[in-house]
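So that we are looking at the same thing, I have put the structure below in structure tokens.
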Amino acid sequence: MEYIYAALLLNSADKEITEDAVKAVLTAAGVEADDARVKALVAALEGVDIEEAIAKAAAAPVAVAAAPA
Amino acid sequence: MSEVKFEHKIASWKVDEVNSLKELLKSGNVIALIDMMEVPSVQLQEIRDTIRDSMTLKMSRNTLMKRAIEEVAEETGNPSFTKLIDCMEKGAALIATEMNPFKLYKTLNESKSPAPIKAGATAPCDIEIKAGSTGMPPGPFLSELKAVGLPAAIEKGKIGIKEDTIVAKEGDVVSAKLAVVLSKLDIKPMEVGLNVLGVYEDGIVYDPEILKIDEDEFLAKLQSAYTGAFNLSVNAVIPTSATIETIVQKAFSNAKAVSIEGAFLTSETSDAILGKATAQMLAVAKLAGEDALDDELKG
Amino acid sequence: MEYIYAALLLNSADKEITEDAVKAVLTAAGVEADDARVKALVAALEGVDIEEAIAKAAAAPVAVAAAPA
Amino acid sequence: MEYIYAALLLNSADKEITEDAVKAVLTAAGVEADDARVKALVAALEGVDIEEAIAKAAAAPVAVAAAPA
Amino acid sequence: MEYIYAALLLNSADKEITEDAVKAVLTAAGVEADDARVKALVAALEGVDIEEAIAKAAAAPVAVAAAPA
Amino acid sequence: MEYIYAALLLNSADKEITEDAVKAVLTAAGVEADDARVKALVAALEGVDIEEAIAKAAAAPVAVAAAPA
Amino acid sequence: MEYIYAALLLNSADKEITEDAVKAVLTAAGVEADDARVKALVAALEGVDIEEAIAKAAAAPVAVAAAPA
């Protein structure tokens, strides 16, 4: 999950999520950044609106298991 | 092996072609080997229009492309570049781009379009025909449909299919008769476009399998990561602008619970405590039955 | 949330969550790390079972038994 | 409702809910105890598990806005 | 909850909720009345609209704004 | 709610909830501690399992009488 | 949770939530107050309308995905 956390960290800090940025963060954390994985992460994020994804996750804090009687 | 030499016997167009290919190969950091999949020209043009600004596509003969790759590998002192040749198959073309290999794969995948399936081809997935009218007037088409196993009949003056039917399962070879029927029904189960065989960048050749990104899975991971972070922040009381309110609410909610449980009256909980006692009284009153109640209570 | 993500990144990479480590990660992300907040983060996480804290729902899910009228 | 509260009080003090006990509580409250009602109450509550009834009622009222499915 | 029961008993019988009254009721029920708790109870109930609190609880246990599906 | 918060604070810090402890906390907060209330608080919480009360409230199932459309 | 309880205690008593105040309360409770954590919390609470946050939670209708009967 380090790659995901790196992306969310940059997002939270309003920084652009580029391959270099992700790599820098991972390296600083002592993680051996896998180039392919970094590329995959950045590519995957292109089709995702992080704020939207977060909002959706935040809107469902109450997981209701409504059991029909 | 000694270096490749062009002898005067080789046709000059081939030499030009190889040189042209070599130029392409050196023009981008990301090189992809593509299978053209016999994509029809109309679709090919649409695809070209889509990718025009972000990549360069060149079709050629496999043998010439192979030669070009080998020569570039040698000229740039980069032997790993030849690994791209291992991916070569069928009708190949080359793409040079600056695009991230994963994004390239996604872009080309998305540029594929539905196409009819040919006789003898393998169904890429289950092919299902939905029930409903075909819009066709009664005629020989009815028996054609039946011949491929469709429950067809005349409904309201038109040929209709009575129920959803799977006419071919994934992996089945499609018969000529079925291909014709599907074509007439305008069903296009195939996806044609540029198929990625392999992508080279920085000494690594990426297999198409690796380049597939499961978007749903990715989204789920993102959300899970966020939720986990949120939970950690609140549970460990590490305030952030996004979680401070929840932290406050949690503390209050705990206080309320303890206040009510201990029946310790506070301005915020007196209603709830008195209400709880009342509810308990009513519950017991129910069990006590008619005679023990006064009129007020019965109400 | 950058501080939290930094901690989670280190945790995910099996690295120790120290003030220096957190600061390094934040700085690499281009964040001006607030010393007090870094300190507070590390102090708050002392003795905390991070996996457990991540999993426990902060906004408690409400189990609803919806009985149709 | 005084009669029920009297019963609840005796129950919480682990005292037996007898006619005399209930009467004593009511009288202490300045209520003119109706003998017949006391009798009926005691009889009705014979064998009743008050703890159980109380426990079931403990669920605090919650305002729920049921969102359409 | 004994103290609350005692208060509601008095309330139900239209008697004033004074320290002496509460104490008398509790004692009659066999509950060891803690002077401080009695004092705190009476003080806390001053200014509380008991009828209102009771009415809220007696109404439908769950106020549901059920939007039709 | 100051009294309850004082108790929860002590509980969270694994300290005993005694009259002296509660009084000290309230006084430090600049609150004129009412002796009777402090006493009442300690007595009221004597039989309460705070962790359990908190957990119960967090997980409390809400019985919803959802009227179907 | 001690830190937030201390803050809400002060708030409930209509006292200002300052680092000194929070520290005093924690110390009185016998807690070794971490300066950084106190600072971080007080800073985070600045600008937060506590009453509003609490009201939001109390009134928050539980969004129920009512399962059709």
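Letters A, B, C, D, E, F and G name the chains as they come in the text, with residue numbers starting at 1 for each one.
In this text, a residue touches a chain if its C-beta (ideal position, glycine included) is under 8 Å from a C-beta of that chain, and two chains touch if they have at least 3 such contacts.
Please read these numbers as outputs of a predicted model, since none were measured by experiment.
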Problem set entry | Most remote chain, CA-based centroid, reference being chain F | B
Exercise. Relative to chain E, which chain has the most distant C-alpha mean position?
Worked result: B
Problem set entry | Recurring contact interface, reference A-C, options C-G, E-F or D-E [over half identical by residue number] | D-E
Seminar exercise, completed: chain A and chain D have mean C-alpha positions lying a whole-number Å distance apart equal to 56
Exercise. Using the average of all C-alpha atoms in each chain as its centre, how far is it in Å between chain A and chain G?
Worked result: 29
Problem set entry | Approximate Å spacing (C-alpha centroids) for the pair chain B, chain D | 63
Problem set entry | Two or more partner chains touched - positions in chain E | 1, 5, 8, 40-41, 44, 56-57, 61-62, 64-66, 68-69
For this session: Could you check chain B for residues that touch two or more other chains and list them?
Result: 225, 229-230, 237-238, 240, 250-255, 260, 263, 266, 275-276, 279-282
Problem set entry | In the complex with chain F, residue positions of chain G that touch it | 1-2, 5-6, 8-10, 12-13, 15, 21, 24-31, 62, 64, 66, 68-69
Exercise. In the complex formed with chain B, which residues of chain C make contact?
Worked result: 1, 3-5, 7-8, 40-41, 44-45, 48, 50, 53-59
Exercise. Considering the complex alone, what residue numbers of chain E touch chain F?
Worked result: 34-37, 39-41, 43-44, 60-62, 64, 66, 68-69
Seminar exercise, completed: Interface with chain A, chain B side, in the complex: residues 100-103, 106, 202, 204, 206, 210-211, 213, 215, 218-219, 221-227, 229-230
For this session: Flag every residue of chain B that touches chain D in the complex, lowest number first.
Result: 260, 272, 275-276, 279-289, 291-292, 294, 296-297
